[in-house]
Amino acid sequence: TDVKIGVLNDRSGIYADIAGEGSVIAAQMAAEDFKAADKGINVSIVSADHQNKPDVGSNIARQWYDTENVDVIADVPTSSVALAVNEITKEKNKIFLASGPASSDLTGKACSPNTVHWTYDTWALANGTGSAMVAQGGDSWFFVTADYAFGHALERDTSAVVEASGGKVLGAVRHPFPGQDFSSFLLQAQGSGAKVVGLANAGGDTINAVKQASEFGITQGGQALAALLMFINDVHALGLDVAQGLVLTGAFYWDKNDQTREFSARFQERNAGQKPSMIEAGVYASVLHYLKAVEAVGDKDAAKVMAKMKEMPTDDPLFGKGTIRADGRKLHEMYLFRVKKPDQSKGPWDYFETVATIPADKAFRPLADGGCPLVK
Amino acid sequence: MNSGAILEAAGLTKEFGGFVAVNNVNLTVERGSIHALIGPNGAGKTTLFNLLTKFLQPTRGAIRYQGRDITRMQPADIARLGLVRSFQISAVFPHMTALENVRIALQRRRGDSFDFWRSEKVLSKLNSEGAALLADVGLTEFSDIRASDLPYGRKRALEIATTLALNPEMLLLDEPMAGMAQEDIERISALIRRISKNRTILMVEHNLSVVASLSNRITVLARGKVLAEGDYAAVSKDPRVIEAYIGAGHG
Amino acid sequence: MTTDTNPIAMAAITSVGAAGMPRHHFAIFAALFVFLIAAPFLLYPIFVMKVLCFALFACAFNLLLGYGGLLSFGHAAYFGMASYVSAHAAKVWGLTPELAIIAGTLVAAVLGLAIGSLAIRRHGIYFAMVTLAFAQMIYFFSLQAAFTGGEDGIQAVPRGHLFGLIDLRSSEVLYFFVLAIFFAGILLIYRIIHSPFGQVLKAIRENEPRAISLGYRVNRYKLAVFVLSATLAGVAGATKAIVFQLASLTDVYWTMSGEVVLMTLLGGMGTVFGPIVGAAVIVTMQNYLATFGDWVTIGQGIIFVVAVLLFREGIIGVLAKWIRKPL
Amino acid sequence: MFELLGIPPQVLFGQLLLGLINGSFYAVLSLGLAVIFGLLNIINFTHGAQYMLGAFGAWMLLNYLGVGYWWAVFIVPPIVGVTGIVLERVLIRRLYHLDHLYGLLLTFGLALIIVGFFRQFFGVSGLPYPPPPLLTGGHNLGFMYLPNSRAWVIVASLIVCLATWFIIEKTRLGAYLRAATENPVMVGAFGINVPLLVTLTYGFGVALAGFAGVLAAPIYAVNPNMGADLIIVVFAVVVIGGMGSILGSILTGFGLGLIEGLTRVFYPEGSAVVIFVIMALVLLVKPAGLFGRSV
Amino acid sequence: MVEVELTSRPAAAPSARPLLRVDGLQGWYGESHVLHGVSFEVGEGEVVTLLGRNGAGKTTTLKAVMGILSRRSGSVTYDGRETIKLPSRLIAQMGIAYCPEERAIFSSLSVEENLMLPPQVRPGGLSVEQIFELFPNLKERLSSQGTKLSGGEQQMLAIGRILRTGSKLLLLDEPTEGLAPVIVQQIGRTIARLKEEGFTIVLVEQNFHFAALVADRHYVVEQGRVIDTIPNDELDANIDKLHAYLGV
């Protein structure tokens, strides 16, 4: 069988370092490691840049499905684009391996029988950071929130978790998106006296906010800074001086065990010295699982392959063992990381210490709460 | 009020940030006359002219046209009342032919041309009238030439033809002879005299011989105020006018 | 915005064909029509529809810039807002596609009237800046208003049944609907340009004070052409929402305003057919070079620079100069 | 303790100070734009990219050559200025006789190219630029903690703005510049080398953008996109101040920084649009901007 | 009559050393060919006029001499040096100054700044005091905005500012246009004074009554050529011919 995988992500914008060319490499490595050719599966991979614009992304997806016989689209960071691809994939009855996007709507009200949401989602991030922080004593929160739907959702979800865990939300301030200067909002956060300042934003906004928080001495002042959506590459960009002490939730860290280290070393060689982000890891694992299902079914019919993927437990070197739920949610452990101090770090990419591990059954939103029409 | 007056300005004043360019001017233009406005540089002639045509809003004072207060009206609406101005720099539509230039004015008679759904062919019935107007000012042979390609004097003639197409009751001309060669001056003078038969004309002009030969009445402005008024013979003998404007050397 | 050769001015001295249209224009329209009828069988129909939507948008913009002499730097506002409204109408109110498009168009027209009546009081670069400022406000409104879905946009818009009857889910059927809208749009623009109204516009563009002194209330004409342009941009945006089943922030962002300028400039502003060509080139480039990431941006930049330096008349403008006929 | 609309005065002072810091960036950037527009009649859309070049210049000096911040403050602006001079000599020069529109489009295209290249080679996550020792830490002013790096921004930009204003409004060179703005041909006929003046002015305006970029490097992430959205706001500042007005752009820059700062306290959601709202209002009342000469 | 002291000079050719020699000067605006071989000569310390109808090419000739006409060919020598290939700023630096038809007063500069704007190109220009002596009006308005002056004052400013520079050759383009007769007379007196001070002047005029009062010699320009030369003292004898040239 010939299988064509389209890696659709941001190759020029804010997520290009987290899920750009690296995701394509990850998909290629999955095909190679699976030894697909030996098993009679001809894998070809195409890629494109959706520029974080849903219209561009949906256009490419449609064209891939309609004219280029793409069977499966992988990655797709940026929720808005992912939601669009999700719709089109359902309409065209193909498969979408969503490793990049954050929106938990993909397994909630927008869930689709053709989509697997692999790596993480906003609920998991909010839950990981919110509950674990409260458990560690960070029981009063102030949010610096990007003023758009994604920021609002992160803030709302995290507030709920914080309050459910017995913490208190003291206030929130909405900053324009995208923002350059966060000083004024950070000052308000500082003035609130909250123990935890939650950054409910993403990408460049988070990077700038963290940088300026260090400038204004937020963490030195005794407040903890929690980034609700952040990747290892962002920490790399910021440098440990600035990022130290920051708390964040993730699904993958390259330095977790021998298998992850081995993969990451190979990956780093091919990706200009960059360690894999959790999204790239997710692309690798999801493509691997997909290929296994194709092999098992002996056909690439979307419905059959999806059924197989959900039926078959997942097992890969990066995420270990896991399952895919009926709503398309992939379940695995999540981790709460704290960024190391410069003197704790042994060198580049040695950035995280694991503060808490959240077991797979606690890490994601319960099946019943998502409102996915597929699981009535 | 003078029954023969077509345009009256009372107490007209224009200040530019403290500087009074036109100061309490009273001006009456008689129906059917050619009225000239002269005065030294910076006297406020152009400013007064702009006030009368509503291209500037007066600081104080009132303007009445045909007995109607037009002080607060918009320039385009003034034109609709039959009070039309020309410009000091030649005012044609450069990329349109001479005929099209005139036709734009004739088109005004259709009322507002907001009919974007209609073909411009409806305008071709105005062509013959346009041609007649061009003939009047001696431009027949130029009717298909782009206005920008016309010699200067012809542009002025075209401008006058365009203005006449509106069939205005009153024309305001700003230095119609400025920068014109003698032969053009004579042609345009004759044209102005001809069209003044049943119209009123107010003009600003520096060329004293033109003023002398054309105008029935002259108002001399100096430092924003009316210095003298009367016919050429009277005004040109007024010692204040001689001192402020004409100077000892003229004549 | 006066270029040395004003193609419109040449119109007066060109032979006129049966439909009141110069013969070669008629021929081009006919060829375009034939080509577009055949296009979906040769090319990917969705791609062609995208080109048509943007071409209509660019033509609408060109009506304002090339024929009204007004450079708006905020045309994304009408395009994008119409797209949101039509998406919302189709998805939430369940309107049929043609009604959804009409709803979007009406909103664009009203928006054009509101913004236009303020903006036309300013000239030149200030006009551009005021339109940009209002467009930015519309952008922030779209980012925050609940109905637009923030950065997710309005997704999964149903294509619905035309007049409640014809199922538009098939791209081929939808194509002919879009083609009809496109042709109606550009023919209307053509007629506007060559109407008595168009003549007055031209006069205003060439010498505004003179037009005023002839008794034309120029601001009303400018406003009229502004609203017409915004409305037609709205038609394009609303149609795009139905075609792509999506309305998103991209369509209201200022880069979209920049893109439509690029299309118009590249094709040739003040020409009838230029914006169509410009839109086709840009959309094709975006579509087929998407894999190359940043090189697309760089390529667009280079096109801008080259177009400005070497052929300011645009592709069609240069062509028109060669054949010495307005296009 | 009295409060203003529920905001304690300390917080208010703090926010005003922060607004002033932002205003410093607006002022330096809009000053550069105003200088360029004034003399070249070019609306320099590349300004945002040149601001980014300034930040990257500082970053490269540090990472490739080990040259630190304080040297960068002096070295980078001239270097960025020289890149501007090259652009002016090779490309922009050809457009002076044309409508503003073309200058805007050309520089827009150049901005796309420059930003595209930097994105291609440096990615978009942003690169860290550690503040120099002198600028780390800060002072507690009682009502707020003022990082040294921010205090420096205000000081440096005030100095640069005032110096520029002085040169243009009070010196002979400035008189040449202003005169050349109105009528370059005549100024040339007086024996003054106008093309050189124009080139140097563009270089200077661009150097101002580069300077702002260096100031920004330790504060914001060094990122290829850092100028893209900022530039739209700065355009608004220039328009509000009155295109080409030097004093106008400086005062409006600082003033709008303050207003934006206040908006962040009272109505944070509106802080992104407040400048555009003000711009629309100002243009409706004063078409030429607050300090612009009406045409 | 205006009291202008006319120092009588010999006729046709310049008696003094020729300061400016224009020979076969051609000039274009874009594609349109305007000057078709203008030739004339001005001796040191002379005042000559260019007369001619509108559009004859008088202004264009001055612009070509000054080097601000973008396309020109032929020969223009100043003080024995060829200038046809030089940019205007170098021509100015040699000692030629131009007072344009439209005066070109800068509105963003004060009267004083306007006056001080042109750099001194060589020593021997008038001092500021001498300029004020010539144009007392200017002294009172030094700090006002340049373009706020009345038309006549602007003309004085435009002439005054080039006197400071030390340029010996002044090109004056219609200094009387649009001015009230009183001011015209004042300008006439000024030109006579300048001549006394040793300046060389090329004057473009429409108004030959005025020209006759100040000039040594008149060149008649038509269609981009000099078609005739009339010494001032033969003006009366040639008046009919001149009327014909000027279409009066």
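Per-chain numbering from 1; labels A, B, C, D and E assigned in written order.
Here is the rule we go by: a residue touches a chain if its C-beta (ideal position, glycine included) is under 8 Å from a C-beta of that chain, and two chains touch if they have at least 3 such contacts.
It should be emphasised that the depicted structure is a prediction, and the values quoted were computed from it without experimental measurement.
Going only between touching chains, how few steps reach chain E from chain B?
1
Going by the touch criterion at the top, tell me which pair is linked by more C-beta contacts: A-C or B-C.
Most C-beta pairs in contact, of the two: B-C.
Measuring between mean CA coordinates, which chain is farthest from chain C?
Most distant chain from chain C: E.
With centres defined by CA atoms only, which chain is the most remote from chain B?
A
Rounded to a whole Å, what is the gap between the Cα centroids of chain B and chain D?
Once rounded, the distance between the two centres reads 48 Å.
In whole angstrom, how far does the Cα centroid of chain A sit from the Cα centroid of chain B?
74
What is the distance in Å between the mean C-alpha positions of chain C and chain D?
That pair's centroid distance is 33 Å.
Round to the nearest whole Å and give the separation of the Cα centres of chain A and chain D.
36
Can you pull out the residues of chain A that are in contact with at least two other chains?
Within chain A, residues 12, 16, 147, 176-177 contact more than one other chain.
Using the touch rule from the top of the page, what residues of chain D touch 2 or more other chains?
116, 119-120, 269, 272
According to the definition already given, which pairs of chains are in contact?
Listed in label order, the chain pairs in contact are A-C, A-D, B-C, B-E, C-D, D-E.
So in the complex, which bits of chain C are touching chain D?
Interface residues on the chain C side: 1-2, 71, 118, 121-126, 129-130, 132-134, 136-137, 140, 144, 254, 258, 261-262, 265, 293-295, 297-298, 300-305, 307-309, 312.
Residue numbers of chain A touching chain C in their complex, please.
11-12, 16, 20, 46-50, 53-56, 58-60, 62-63, 66-67, 79-80, 83-84, 87, 103, 110, 147-150, 152, 176-177
Can you name the residues of chain C that touch chain B in the complex?
Listed in rising order, the residues are 6, 8-9, 12-13, 20, 188, 191-192, 194-200, 202-203, 206-207, 209-218, 220-221, 224, 228.
Chain C touches which residues of chain D in the complex?
43, 91, 94-95, 98-102, 105-106, 108-117, 119-120, 232, 235-236, 239, 243, 269, 272-273, 276-277, 279-280, 283-284, 287-288
Using the touch definition from the top, list the residues of chain B that touch chain E in their complex.
For this pair, the touching residues of chain B are 19, 39-42, 151-153, 178-184, 206, 208, 243-250.
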